[in-house]
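Once you've had a glance at the structure underneath, I'll fire off some questions.
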């Protein structure tokens, strides 16, 4: 079981790295925002894995909050774009 | 406010905001025992109102909140302060937690306590403070 | 909605009556309430069709999960293969959904289905613009989306 | 026995979750433009989380945890498309470049970048007239997409 | 005696009220106070002359050994009599002199305050109390010199006097503290009473120099004499009182007071003699080349002060007798002369002797008085000045060293005779010469004449009966200065001896010099360049240096560049902490690394995101990277058992990003203007901080000295605080006070933000002015420094991406005007100028210019 | 883990200081944000890091089972996060206002009150 | 139960909270602010009396015994500081009745002021190092908000620097707390003192001591960390400047006194040597900075820096007399400096500027104001018999008795330069003729308006305090002596806080 968990962690970590590369690369602001959004999603997944790993269900609570609120940043950025803020990407 | 016509966001906000608010109250009430508490709950609620703000604009959000967020700050701080003093009646130092178990009909016991009052104060202050800032900024921009 | 409220009310009554506040008991109360409502629904107009929606919902979830997995695999295949097979584009889908809730549900579910992404709804709410990854066979895609919409509306109406 | 089986199932869900998430990550890195990247992120990401939460449900085998995990799934499924919608829309309208091999753009000719209105194409003449009247000469930049 | 001082201060406080009703007559009423005190002190003469010492004890701050005890002995009595006696006449004089001047009441207040301070100074037994009064005389003197405060010249002179005397005063304070530390007491009586030999003490030299600096500056000894002539900017009563009779003698008083204790030391003798002689000579020389009556008198005062110091330096019993006599003589004739000079000035309209002449017809009494006083100044019998001068010359005839100085004394004596002749003869004899018409010049009111008359008479009487005066007044003072009963007496006639001969020679030579005075002065102009380079230049150099250093320091340190401030502080932090770490701690740590891949990835992303936030050229890219930083931090919290922290971090991060996005809407994009060198320099500074912090953490994780107190909280969280989330229990119960403060922080921040956004000085005009906010003039930036408007930046960006064709903006601008309120539709344009919030209207004018100036 | 964190936190401090030394006020604020994050992590690290043992008392128990992470630094960091949030929100709006009023984002042009 | 130790914090907090609640009603806020300030002064005096009788007054907040919860402790130093806070609160509250404009009031002037006081009082009374951080932040954010109130250009520029450099200080402070906790696992200062006393790594303790030194040095505006102060203090509303000038930097000084007498007293020859250098350079650079200025409040601001040097010098010399001097200096300086700023406010009211070159003629028209200026100004310059002289005298005496001649010499020189600055103000603002073209209607009009009279009340009261300390220094000296004795004997503090539990 532990090995599976570690593999999962590995996969998720790899995902984080790739997402992060996109975050850095851009090239446009929406690209970065999408990457950030996905990063939050991966964190939810990692939190879930971690809850299983440590057998502590309280970490699921963290996942709930992330799932419920992390997208706000994306909405904020979208709003910024739509209001026509200067994009220097 | 978003561009008019984004009914997807409108509807989503109308659904999500009550959900988030409900969840924030949940986080508030059980914070003493599980992850959560007044601050986290307050931020979640503030997030909810911010979503509403982004979707419908400042005026509508003010209407939704009913209380001016600046008043909310004052009320929150005041409630927070209220939890400081009851201990004095017992001759204990300030901030000593007071617990008042209340028996509900049916045998359930609800514990009202100064830490809970304090947490509620924290909650309201956080909501008030965050929304004061965000709404003010948005209004400055909307004008 | 009213149906669900009734169901919940019955469940809570059940909980109070039995005096056991556990989660299992609540679920059981919901179940019993559901059964009771199944009996009562013919008599009360506002409850009509309530119990029928549950099987539909379950069926829909099954359908949706299948779609989700299958389509995901399609996208996944394209992502991991070096050459792009996709033919992306933005298409307009006429909407049958009328209310805000319906439109939003449809749009969101379309977004969740791989290969399609709701971009916007026209100002008069008659057309949904979606970005699709695979426009090889446009008509087939339109049909499947209409099918999805139909299923959603079935649950909601 | 059953426990082992459940453990295998959990393991399967977890691995699947990891793989789907990784796919989303590869997708977001590899795919050529914003729209297609959002395809990858929204679905695969949501699916990854959902699978993981199912694994957690099975693992903890506890009603409260199940409810929480369900809530996570629900929230992710609700918020992901909304965020995608908002970003996608905004990205499209501010003219984020679109992949050269895009075959079709039905939105482009429906979108009046002068009036900033999105027509369905099904309006009657009267409606169109009314629209124009209400929005005459709004100054806007015409955004042309780079192909 | 405390009461005596207090009464004067009370009188000063009452003056403004009395003045409302009695105007200049208040001065006459006030003169009664010192007059009464003079009488009161005079009643003590027999007692003191009998060798008694009167001590009135009074506590002040016993913890600091400061007492208000006052002592009356021969020295202080003589001073007290002078202060109160001359003070009486000065008050009368001032009443008439400043009649009609609306500021007369203020003058009287300060004058009386000065009088009280001076009296306190000479009576105080405690070193610190003495110093208190010492400084008070400096301050009151400042106020008096600057009485004509609207003249820049007066202000400058006042400042000079103040700076010099206070600077000396501070040295004096140090000296007094050292003296007290050495002698073990702050009481002068006790210090004088101890048998301890202070000269052996290692601090002795330092102390002595400090004390002398104080005394020399106050008493205008060379090279600090320059302030005194400038102080003549003060009204004449002030010059007469402070700068001849009393205040300048404070330094002399102090030296005399300490003479019994310190006079033994060879250093004392050498320093006092040489500086005294130098001062004497300088004063005499400068006097002889002056033409202004008050300057003449001022320089001759310097000469007298030098003489007194010289006498103290000589330190023999004869010198002590001479000291007291000379001091009394000088006070009497100099006070009179100053008042008379004031009369001349007041009546004839000038103080320049070369501009005056033949006044004796209009001012016969004045002329007579001046003549008599000048005789005393010149040391001509039978005036008291002669007695004092004889004693002085006699005292000089001690040893070889003093014989050398004798030459100085002779030169000074000759010059003084010349000066006295100039004062007595020039304005009054010869052809009439004055700025005013002859008919308008007449004798002054009685009040102004009372003082000179009495003082001149006293000079005369004392000269005639020097023995009596000596017995009752000066010899007790000499006893006090010597510290024992001196053998000697005062007499007009000491027989034919060397002093008398020398006296005669000096008078003769002085008169000859008077004959050729004008030519002599002409010759002396050759020396002007040297004189101009005198010590006063040092003062100006010092003052300029302060301002120069101050400005240099401000340019260098407080130069307005926040980045410099930051860099300095950071470097100090690194330097000091790093130095401590390296020198006082043996660095050692173990690289016991135990971690999972996902943890490593998380940390790496954290660091990479932080670095990316730094190096990205895009603002929003930076913000997005900050988002990644926040999420990584949250993940670290989650992975290391802090779910509450994880949640909070994510929420806060989200809201922060939202705030940033809301705000960045308005801010310009990054411009890349740092040079590579700057960047490298800053990077090095930053890395130093990073390394330091890393070392610090490495050390603390390796060293855990004690069990954390949280063990108690973990144990009792549920049992005592009824909560299972220990972190929350700590927040709302164990450490609720922290949380209470924290919500107030949040509330305060929100209030601040609200005020910043909504409060706008333009919508509430005048409100800031009312509140006293510093309002700078609107700043005009150089054209090249103006950050171009956001729309330009935006357009440029769009152009770079070939999204819009260049020039599209112009069309837009043309149509901008009839934009209605539906701004929110603005999706892909930034019509910045139009939908800017109202509170920016402060700058709208600016923008208009900017827009107009832009080619379209 | 802690040594790696030490390096990471050190680098974050470096990044923060570097950003604060830039001319742009936006970068300044970003530097401040990095700094507050870094300080929180410093507390977290130097108090010792524990895996998988959140300081929660399970239902039914009166003390946590086994060793749990030190809750006190967590409470401190939570407080610090909130305070930093307030302060940084203020700072963010401050630079916004400062820019609006001064028309520059360049720190080197804000020297009027000093000279 | 010793409520008096918590009330000076809770009263302004409550007043502040109520003011926020009634933010729409200026009159209520005004009344609340005045009442709260008077109550603060009252309780602080109560506290002082208790401390005088009991030595230390302690309250374990939340009834958690000493190292586990947060303990509030008052020794004489704290009590003195709190009383001064109360005095300043009343003075500023009265001054504000006339000086605060309705728009400032509407935007939180009073609650910000009250919460600033709460932060200050909290810093003085807490016995917990992290709680000290929290109160610092309360104070800091309140001061941020007060500083920008008005939204002028100068305020924004000043605030950017003030905020940034203070946040840097907070970050260093917080880092030091984190490291300290990692080292000893406790936050209660008495407990820290006990445990560091047993620590085997004195070098490490020094490192952390230096970090605290720098963090507090920034707050206290010591050399070379003071830049934020002269850049910002003169930009805000004048009553705010006055309060800042009196109290804020003293909190940093207080923290230095507290930490370097209670906690870091093992390696005095190292830590206090650094303090000594810091003190000397602070005095010198501050006073030289002022010499170059021609703006009323900026001169005063630079002098704050310079005088901070004297206070730190008292700590650095670390003899009983020196500590007495430091405490005495703090007492004197708070009163005097606040008063000078208030007077600058009155002159601003009269002539509408702070620029010395544009001011003038006040001595002629307003002799009473001139006297009111001279009292604190000369006191600041250390002219006897005003409070500043005794403060300076004690320090100089301590310096000489400790054979620290160079630093004493600097202290004396700085005294001279301080006088120079004060005289510069006097000559330019009061003596000089009013320059042409300056509107002098407010200056020359015969009767003083009621609102201006209100401005005079606190100035007169503070001047009386200055005179009182000068003319009757013994009781004040005894307070300082009492507190110095306590500071030099940390065992008493530790015993009072930890009781039998150590």
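Letters A, B, C, D, E, F and G name the chains as they come in the text, with residue numbers starting at 1 for each one.
Following the convention adopted for this analysis, a residue touches a chain if its C-beta (ideal position, glycine included) is under 8 Å from a C-beta of that chain, and two chains touch if they have at least 3 such contacts.
To keep track of the chains, here are their UniProt names: A = pH regulation protein F; B = Na(+)/H(+) antiporter subunit B; C = Na+/H+ antiporter subunit E; D = Na+/H+ antiporter subunit G; E = Na(+)/H(+) antiporter subunit A; F = Na+/H+ antiporter subunit C; G = Na+/H+ antiporter subunit D.
Please read all numbers here as calculations on a predicted model, not as lab measurements.
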Chain at the geometric heart of the assembly (C-alpha centres):
G
From chain E, the most remote chain by mean C-alpha position
C
Rounded to a whole Å, what is the gap between the Cα centroids of chain B and chain G (Na+/H+ antiporter subunit D)?
36
Separation of chain B from chain C (Na+/H+ antiporter subunit E), taking each centre as the mean of its C-alpha atoms, in whole Å
32
Please tell me the distance, in whole Å, between the geometric centres of chain A (pH regulation protein F) and chain E computed from their C-alpha atoms.
64
Express in whole angstrom the distance between the two chain centres, defined as the mean CA positions of chain A (pH regulation protein F) and chain B.
26
Touching at least 2 other chains, the residues of chain B are 2-6, 8-9, 12, 15-16, 19, 33-36, 39-40, 43-44, 47, 50, 70, 73, 77, 80-81, 84, 95, 97, 126, 129, 133, 137, 141
Touching two or more other chains, which residues of chain F (Na+/H+ antiporter subunit C) qualify?
20, 25, 38, 42, 44, 46-48, 51-54, 56, 72, 76, 78-79, 82-83, 86-87, 89-90, 93-97, 101-102, 107, 110-114
On chain D (Na+/H+ antiporter subunit G), where are the residues touching two or more other chains?
26, 38, 46, 64, 75, 78-80, 82, 84-86, 88-90, 93-94, 97, 116, 118
Sort out for me which residues of chain E touch chain A (pH regulation protein F) in the complex.
596-598, 601-602, 604-605, 608-609, 612, 616-621, 624-625, 627-628, 631, 634-635, 638-639, 643, 646-647, 650-651, 653-655, 657-658, 661-662, 664-665, 668-670, 790-791, 793-794, 797, 824, 826-831
In the complex, the residues of chain C (Na+/H+ antiporter subunit E) that touch chain B are 16, 19, 21, 100-101, 103-104, 107-108, 118, 120-123, 125
Note which residues of chain G (Na+/H+ antiporter subunit D) are touching chain F (Na+/H+ antiporter subunit C) in the complex, please.
130, 133-134, 137, 140-141, 144-145, 148, 151-154, 156-161, 163-164, 167-168, 170-171, 174-175, 177-179, 181-183, 187, 230-232, 234-235
Which residues of chain B touch chain G (Na+/H+ antiporter subunit D) in their complex?
70-71, 73-75, 77-78, 80-81, 84, 87-88, 91-97
The answer for chain G (Na+/H+ antiporter subunit D) against chain B in the complex is residues 1, 3, 6, 10, 13-14, 16-23, 59-63
